[in-house]
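There are two complexes below, and they share chain A, which is joined by chain B in the first and by chain C in the second.
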Partner chain A sequence: MPGVTSSSSDSALSIVPHSSDSQSPRVYPLRHHGLTPPLARVSISWARGNTLRVSLIQSEAVSKQQTGGEVVEVKLTNMEGGEVTDGQWRRIAYGSVTPFALLQSRKNSMDSSHRSKDWWEHVMEYSREINSLLANSKSSGNVVIEDPKALLKKEEEPTSLKAAWELMEIFYADKQSETCIPERLLDWLADYDCLFSGTQPTVHAKLVDFQKQLVTLQVIENDPKYWEAMSSALAVGWLDIVVKLLHLHGSYQFDQLGNRETENGLVEAVAVLISQMPRMRPDLPSGKLGECYQTKPEFMKAWEKWRSQITKLDCSSFWLQCDHHQTREGLKNMLQIMLGNTSILSHVTYHWIELYISHFLYIRPFTVGLENMCNLAQKCMHLKPISNHHKLMGLIIGILEENIEVVLAECSRSFDPWMITHAIELLTAGSTQAEILLLEEQSKLGGISIEELQRLVYAQVLSSYAMTWNIAPIYLTSCMKQGMGLLENLLYRQPVQNHQVLLKSIEICRLNELGIVSSNMMKIYGVHKWKHGQKGSAVFWLQQAQDEVRLNRIAKQLFDFVGKSVSDESFKQWEGLIELLGTESSTAGSLKFLNIYRDFKRSLLQVHGETTTDAAGKAVESLVSLMKNPSTPQRFWLPVLYDSLKLLNWQERPLLNVAQTHLLLNKLQELSIAKLKPDFINADSPPEALNSVRLALATNLGRAILEE
Partner chain B sequence: MALSTFPPPNPIQIHRLPQFTYIDALRWLPQVSAFSRHILLATYDSDTSTPSIQILTFTPAQNAKSTPSLTHQISLSTPSRITSLKIAPSPLNPSKPLIAASTFSGSLLFYSADLIDGSLNLEFSVPEKGFHWGAVSGIDLSDNGSECVSVENGRVNLVSLGEKWNARTVFDSNGLVSYSTVRWASPVEFVTGGLGFGMHWWDQRKPGGPVVLFKGNWSRGTTSGIVHSVDIHRSRKHTCLAGGSSGTVFAWDIRWQQQPIILSGAWAGGGPANSLSESEVWEVQYDSYRHSSNTGNVSSSKILPAMICTEDGILAVVEQGEEPVELLAEPCAINSFDIDKENPSDVICSLEWESIAILMRPQDRRQ
Partner chain C sequence: MDKLILTLDKGTTCTAWNYSGHRLAAGSTDGTVAIYDSTDPVSSTFNCTSRFKVQESSILKVVWIPPEYGDAVACIATDGTLSLWEEVAQDTEALHWKLCKCFERNTSQVLDIQFGDSRTSLKLVAAYSDGQVKIFELLDPLELEKWQVQAEFQNIIDLVSKFGNASCSSASISWNPQRGELQQSSFILGFSSNSPLLNSSKVWEFDQDHQRWLPVAELASPEDKSDQVFAVAWAPNIGRPYELIAVATNKGIAIWHLGSNPDSNGRLSTEKVAVLSGHDGEVQQMEWDMSGMTLASTGSDGMVKLWQSNLNGVWHEQAILAPVFPEQ
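Take a look at the complex of A and B:
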C-alpha cells in the first residue's frame, strides 16, 4: 500500500510505498503543476499497468483562485530498475507465446505415460527458443578486427534474467549433458560472473581492472597483478584468457628470446599444459581450450596422464635455471592451482561459486549427482561465506538443495511473473517430485495448481497493458480450472468504443469458440454506436449478433427519424442503410419495413403514364406487402395509401383485386379507430387524405368486383 | 530433409526487425537514389503514450549473412494516433513527396518530406472540429496529390490541396452509413468500402450521393462482414479489389454490378479448402511483381494478382483460379503492408508484435 507524504516544501509531494522488505523505501516524486497546499483530499487508484493514478484535490479556499485539483500518473518501477526495459519486456512476452503454445499443444497431444521418454527434447527446444529471446543482442554482422590485447569479449549485455533461465535449463531440462553439469556451470560462470561484480569482488572484475592497466604496462611479467590475474582466470577455468596472457610474457619478444630461452621454455610448457587440459564434455566452442572426452574411463586416463605431466614439470630442474623470480613463482603457483592446492584456490577466487568451479576443475572432476554437488557447494560456502546475498546465488542454492519451493520463491521474488510461468515448464520436466508439487490441485489455492496460479497471475499482468492484453488468452486457455472464466472477463473488460479492439476480441472468441461472448460484445458495441448516433453501424452489429429484440426496439426510433424524408431527395442517405439490411428478413427484424418501403417508393417513382406497366404491378405488390407487414408503423399507413392514390384510381383497369382492396379497407378502418385513442400520432398528411383514400378504395372495390 | 533437394535458386529473403513500438501504419517512400531507401512509419509508443510519424533509412543486407538495418532519420510527434497513411510523389521533385495522415481524433495532417535533407514538415492540418467527428477510418490521395478524400462513420470529406487548401464535406449520411476505407479510381471518381461488404461508387460530377451501390448477395448464413481495404489498378478503373472480414477477398466490376468475383474467403464455395484465412483481411494491394513485364498479355477479364495480409498472420498473393501463394505466416496479426512501387519485389509489413518484416523477392524472375 503506497502512502502519500507531504513535506513542508510545496514541490516535494511524493509517493512512498511501504514494503515489508527492510530495503530502503523508494520515493516517487509527483510532477504536478501549480498546486498549492493545503490539499483537501488525495485519492489513489490503479491506472493501466503498473501506474498509479493520483488525484490531488485542493482545499476550497485555494481552489477559488486556481484549478480545483489535478490528476497525475505515477509509474512504479521495481527496485532493480532498467535491466529489462518495457520494450524489451514486451519483445520477450511476444516471443515466448509461440514456444509456450507449441509446448502446451505437444503436451496435450501426448499421453502422459508416454511423455517421460523423450519429453525433455521438446522441453529443451522450448528452453532454447526462450533463451534466445532473452539475449539482448545488439551485435552487428560486421567483423571487427580483433584487438590482440582484448581479454574479455563483450558480445552482449548479460542479464540476470538470462542467467537464471540458463541455470534452470542446465539442471532441469538438459538431460543430455547431465554428466557434464560442472562443465556447463563453468561456461555459465564465464558468461555471468560479471553480474556478481556489482555487489562483491569477482575474477571478472579483476580481469577488467587488469585489462585497463595492460596498455600502460611496459614489462608485464614484473607486475604481480599479471600473475594474480592469470591465477584467478586459471582457477575458474578461463583457459583461453590465461594462454593469451602467457603469450604476452616478455620472453616471447624477439630481442629477448636469446637470453631468456629457458624462461620462455617454461612459460610455453605451462601454456601447452593448460591448453591440453582434459575436459569431460562433448565439445568446446571455438576459441576455448582443452581436450574433450565423452566417456568417463577415457577422461580418467587422460586426467591422470595430464596430472603426471604437471607433476613432472613441477619437479623439473629447469626451474633452477630460471632467473626471473616473478616468472618462476608465478608459473609454480599456476602449477599448484592445476594440481588442486586448496589454499591457493581459495586465495585466488573471490566468492563461493568461483571456488566451487575451481574445485570441480582441479580437485573433484568426477563429481556427479546433486547430493555430492550440494555437499561440495556447502563446503565452498563455508570457506567463502556469503557476504552479500545475490538473487542468483539464492537460486543456485535452491536448485542444489533440490528444494523446489525455494526455487519458486527465489524466482517470484527476483523476477516478474513472466519468469516463473515459463520456468515451471522446466521445473516439471526436471523431476516427478516437482511435477507433483506444481501440478497438484491445492485447496488453499482455491482448488487450482501452482502452475495454473502462476499462469493466471502472468495473464493478469499481460492484460493490464494495452499492447499485450491480446496474448493473455494463450495463457488463460492453458488453465483448466479458471482460465475460460477469466478469459470471458478479460474480453468483457475491453474498451467498447474501439473498433479494432472489438474485431480483435471477436477473433479471440472465434478461436476459442466463445460464440455467446462474441455476440454479447457485438450487442454492447451496437448499442454504444446507436447511442452515439452511428445508426448504420448499430444496425450492422446488432444484425451480426442476431439481436432481434434490440433491432425491433431501435427500429421504432429509426422510423421516427425517417419521417417523410424517404419521399424526398435525402432518401439517398437511406440507400446505404437499406442495402446493409439485405434481403434476409430473419436478421432485419422489423427493419424489414424500410426495405419494402424503399421498393415501394422506387417502383412508384417509375410509374408513368396511364398504361399498365411492370412498375405499376410491382408498386401494388409492395403496397400490399407493406400493409401486410406487421412491423409497418401505423403512422406510415395513411401517407403510404395517399401516395398510392394513382394506383387505386388506375384508369385502364383496377390494379388491386377484391381481397387486396379488403385488406387496405381494413387497415383504413383500424386507423380510424386508432384516431380516437389518445396516443395516436398524427401523420403530416393533408386533411382530405383519409377521405380521398376511402373513396378511391371504394371505387376500386366496385370495379374489382365487376371485373371478377 | 533429403540431401538431394536443391535449395530454391533465389529464395525470398525475410527479415524481421523489432521496433519496440507499435506500428499503426507504414509505407515505402519514393526511391531517391540506388543506395538509399526510405520507409515512413506511423508509430505509437505505449510507454510514453506518444504517437509519432517517422522516416527511416533502409539499408539492404550487404551479404547473405548480415541483416538489413533501419536507422531513424527523423521523428515528429503527432496529436493523435494515425489511422491511415498515404503518399503522393511530387511530380516535379521525386525527393519531396507529399504525405497525408488521418488520425483517431479526426484531424487530417499533411506533411512534406525532403528525403535528401532528411526533413519532414507539417504543411497544414485540418482540425477535427466540424469536419470529421470521430476517428477517420480511411484516406486516399489522388495520383497527382491535388485532392485527398477521407471517410469516417457517416461522412465523406474532400480536401483540395494547392496554393490554399480547401476542405468540404461531399456527403453526410447522418450516421446511417459507415465507411471504413476509400480509394480513388480516377481524378473525379472514388470508391468507398464499409459495413455489410458494401461498396459505393462516387462521381464528383454527380453530387448528392453515391452513384452505384454494391452489396453482394452473401448467401452464406446470416452474418456479413466489413470491407477493410480497397485497391483499384490504374489500368482497370472499373474493377475494385476489396478485402474484409472472414478472409474475404473479392473484386467488384461496376459494369457487372451485383456479382462479385470472389478470390478467397469462406464465401468462395467449395468449403474451407478454398479459403486462405478465416479472419480479417486488413489490407489488399494489387501485386505488380510477377506481371510487371507482361500486364498486356493477361486477359482483361482476369483479375490481376493481389497481395493480402490478415489478422491471423498471413501475407499471401491470391490470384483468380489459382492456389494462393503464402509469403509469410506469423504467429501474430499482420496489420498492414506496402509493396514498393518502384521495386515491386520488395514488401514491408507491420506485425502486431511491434516489429517490421521486410520481404525481398528475387528480382530477376521472368515468366
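Take a look at the complex of A and C:
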C-alpha cells in the first residue's frame, strides 16, 4: 500500500509479551502489489522464528486479474527499530554472544547464594563490552588541525539504544559511581541531548544553530545569541564549550587589549571560575573542565569556596568599569546561573531533563538517593511539560521511580528483544527486588521466569534470519527449562536437504547432545538422496543416522536385484553399494550378508574363469559362511546353491566335507518345507534347480564320506 | 516489515509450505499443483520449478508429507478425492512428480487430512464428509505407494452410538506436534456438521496395548458441545507441564489446557483458559509458532490476527494484519 511506511519505531510490529496489554490490538497494514478486493482466502504459515508467511489468494470473481495472488513474508519483530541498519544489527547480535556467554559461565560457576560482593564488576565488564558494540563510530578520519570554532565534536552518531543501555548501566550495574550518579547523568545528557532535538528545542539544537552562524559573525559579543548559547551550555554543565566560546570574545583580540582591559579581565575571571568548578567525581575525561573531588567533605569545602568566589566577583566594583553592555549583562547572567538562580536556569534550559541536570549542578549538588532524585525529576517535569514523549523518557521515569516492571515494559515496548535479553543482566545485578521479579518461575508463564521467556523470544527472533539463526542456540542453552525444546523445534525446521545447513546443524546437535535430532536430520538427508537417485550417498547418511528400518529395506531391494543371476553384468553397479553397506559394523545384520555374498560372487566368478582347486576352495568357504549366516534370507538359498553347482560337482575331489554337506542339505530340507507355506516367496530359479542341487549335494556327500 | 516473496498463478486456490519453508505447493482451480522453490537456503526469492496435473476438479487442500519420507504432497480435490504425489529421480530418469497413491473412496468426500509422524511409522488421518475418520499407515518407509487402513471410526466419545447419515461441511485435524520416543500418537479432530455429537473436538490417542484409538478428552464445555468446529490447532510444547490447544467455533477461539495424566477412566483433564473474540465470520485457519507462544489465525473477514498470553498469563489479541487496498 502506498504511503504506509514505518519510520518511527513505535509503529514497528512487535509480538513480544508485555505486562500491560489493556489497550486494543494494533492494526498493521499488509502491503501487496496489485491485488483487488475481494480476496478469496488468506492463508498463513509460520516460517522460521517469528516469520509469518501470508498467502493472499485472489478471488476468481475478479476477471481482469493478472495474478492468482501473492505471498507476503512478515517479520513479526522489527529488530532494528529503524535506528540501526541490518548490518549493524547483525554486528551487535554476533558481538554480544561472547560477553553474554562469558557472564553466564561465570554465573554458573558461582553459587548464587554465595555470589561474591564484587559480582557487579563482572557485570560492568560485560556492560562495557556490550556498550562498545553499540558505538556507531563514523569514520571521519583524524582531524590534524582542530577548528577553533567547532563547538560540538561529533565522533559517533548517538542512538537511543546506546543511550538506554548506558542509563541502565549507570543506575543498576555501576556500583562504583553510585555516589556520583548526577555527574554521570550529566555526561549522559551531553552525549544524547541531541536525541531529543528531533521533537522539541534543546540546548544541543540551540548550539547547533549558533555554530552555523558563528563563522559569519563579525563582533561576536554584540550578538545576544552568543550569550544565550553560553548560558544554556553552562546550565547543563558543558563547561569546555562555554570556556571555548568565552575565549572567542572580542576583548581577547590584540588590537583590543589596550582599551578593553577590564572587560577582558572580567571575561577571563568568569572563564577561570567555570573551569575551576568543583565536581563530585573520581576523574574527568581529557578536555573536560572542573576540579574533581572524591569524598563528600572535600567536595563540600571546595564547593563553598567556589561559591564565595562567585559571590565576590558578582559584587565586584569592576563591573562599573565595563562599558560593553552585552558583555556585562551576559557575564552577570552566567554568574547567576552558577549561583543557582532558579528562574534563569528555567529560562535557559528547554527539556525537563536539562533543567534537571542544571538543578544538580547549581542548586542541589548534594542530592543522593533515588527517592530524592525522583522528586526532583517530577518537579522539573512539572516546570517543563513536554508534549512529545521520547521513548527514553519512560525508561528514565521507570528507573527513577524504582519500578522494575515499568523499566521492563518500556524496554520491550521501545526496543527490540535484544535489548531486554541483555539488559536483564544489568537489572538483576541492580536489586534483589528485580532479581525476584525476573528470575522467579511463574506458572502463568508456563513454569518459566521472565528472564527465560525473554531469552526464548530473542532466540526466536534470531532464528528468523538466515544470517543469525546459528547464534540462537547459545541463548537457548542458557534457558534451563524450555530452551532445549525450542532448540529442537528450531533444528527440525532447518532446510537440512542442503548439505552446508546439514553439517552446521549436526555440529549444533553434537554440542548440545541432541543425538536424536541429528540422526533425524541425517535421515531426512539420506532419504532425499535416495529419492534423487544418489544411492551411495543415501546409504552413507542412513548409516550415520543408524536408521535400521530404511537400511534393511534398502538391503532387501538389493537382494532382489543381486539374487537374480550371477552373471548379471549390472552386478558391478551394485558392488560399490554393497561395499559401502558392509563397512559399518553398526548396520543391520542383513547387510552383513550382502558383504559375504559379494565375496562369494567374486570368488565364483574367478572359478568360472579358471579351474584351480584353490580358487574353488575359497568359493566354497564363502558359500558355507553365507549359508551359516542367520541373516541370509531364505529365498536366497536356492539361487546361491544353484549358482554353486559347479563347486558341488567339482571333478578333482569333493570340495565340501561331510559336516558342510549336511548343513547345506538341511537348508535344502528347510526350503522344501517352507515351500508349502502360503507366504513363501519364490525366487527366480529354473524349475529343475531344486532337484539339480539335491542331486549334486547327495553325490558330494557320498564322495566326502568315502574320502574321510 | 513485510516483503513480497512470490506471485501466485492465476486460479490458485490453496497454498502449503514444506517443513523448512523453502518450498511452496499451490493448488489451483484447474486441478494442477505448482511447486515454487527458493534458489538457496539463504535466499527468499521463489520461482515455479514444476507443475503437474492432479485432477480435473479444483484443488481444495495440499499437505506436505514429513521430510523423513521425502518430498511429497497429498492433495484433496473438490470432488472429494485424495491422492499422493512424490518428487523422484530414480536411476536414469530426470526429477519429476509422479502419482504414488490414489486413496480409495466411497460416496463420501475427504474434508481434511494431516500426517502424523510417529517414530514407528507414518500415519495419515483423513476426515470424511459422512463423519468417518480413517487412519492410514505407511507400510514401507521408502515407498509411498503402500498404505493400509489402520483404523476407522467416528468422532464420537460414546462408542455405542453410530450415525448413518451425517453430513459434514468441513473438518479440522491437528496432530500433537511433539516428537520423541515416549510420546503417544495423538491428534485432535473437530467437525462442522449437522449432527451435534460429531462436532465437538475430541482428542484421540493410540492405545498401544490394545492397538486401538481412544478418545481421551473432549474440548467443549457442556453447553457448547454441539457447536460446529471451524478449526483446531495443537501447539508445540517446548516444556510446559500441560498441552495447549486452540479450538475455533462460532463463539470465537477457545484456548484449552490439556493435562498429561489420565484419570481412572483414561480421560485427560481439560481447562478452558480463554475465549477470544475470533474473527468477523468463520475462522478459516489457525497456526501456532514454533515456540507455542503465539497463535495466528485467519478468518473469512480477510484478516490475520495474532494472539498471545501476556506476562500475567492473560490471553489477548496482540495484533491484526489487514490487507489494505488502494481507494477504488
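Simple rule for what comes next: the second predicted complex is superposed on the first by the 468 of 708 C-alpha atoms of A that agree within 3 Å, B and C clash if a C-alpha of one lies under 4 Å from a C-alpha of the other, contacts with A are read in each partner's own complex, and residues count from 1 in each chain.
We take it that contacts are C-beta pairs under 8 Å (C-beta built on N, C-alpha and C of every residue); 3 or more make two chains touch, one makes a residue touch a chain.
Predicted, not measured: the structure shown is a model, and the values here were computed from it.
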| item | value |
| --- | --- |
| Partner chain in contact with A:Gly533 - chain B first, chain C second, else both or neither | both |
| Chain B versus chain C as contact partner of A:Leu273, first or second or both or neither | neither |
| In the superposition, chain B vs chain C on chain A residues touched | C |
| Partner chain(s) touched by A:Gln88 [first = chain B, second = chain C, both, neither] | first |
| Partner chain(s) touched by A:Arg510 [first = chain B, second = chain C, both, neither] | first |
| First, second, both or neither for A:Leu490, with chain B first and chain C second | second |
| Contacts of A:Pro29 with chain B and chain C, given as first, second, both or neither | second |
| First, second, both or neither for A:Thr98, with chain B first and chain C second | first |
| First (chain B), second (chain C), both or neither touched by A:Gln544 | first |
| A:Met467 touches, of chain B and chain C: first, second, both or neither? | both |
| Residues on chain A lying within both footprints (that of chain B and that of chain C) | 466-467, 532-533 |
| Contacting residues of chain A [partner chain C, same complex] | 1-2, 4, 6, 12-13, 15, 17-21, 24-33, 35-58, 60, 65-76, 78, 442-448, 450, 453, 456-457, 460, 463, 466-467, 481-482, 484-486, 488-490, 492-498, 500-501, 516, 520, 523-524, 527-528, 530-533, 549-550, 553-554 |
| Complex contact set, residues of chain B against chain A | 18, 20-22, 46-47, 62-63, 65-67, 69, 134-135, 153-154, 172-178, 194-196, 198, 200, 208-210, 213, 215, 217-218, 222-224, 278-280, 311-312, 331-333, 352-354 |
| Residue ranges of chain C touching chain A (in the complex, touch as defined) | 1-17, 19-22, 24, 26, 28-29, 40-42, 44, 46, 67-71, 86-91, 93, 95, 140-142, 179-181, 236-241, 284-285, 287-291, 293-294, 296-298, 302-306, 308-314, 316-326, 328 |
| Residues of chain A defined as touching chain B within the complex | 85-88, 90-91, 94-95, 97-98, 101, 140-142, 465-467, 470, 499, 503-504, 507, 510, 529, 532-537, 540, 543-544, 546, 569, 572-577, 579-580, 582-584, 586-587 |
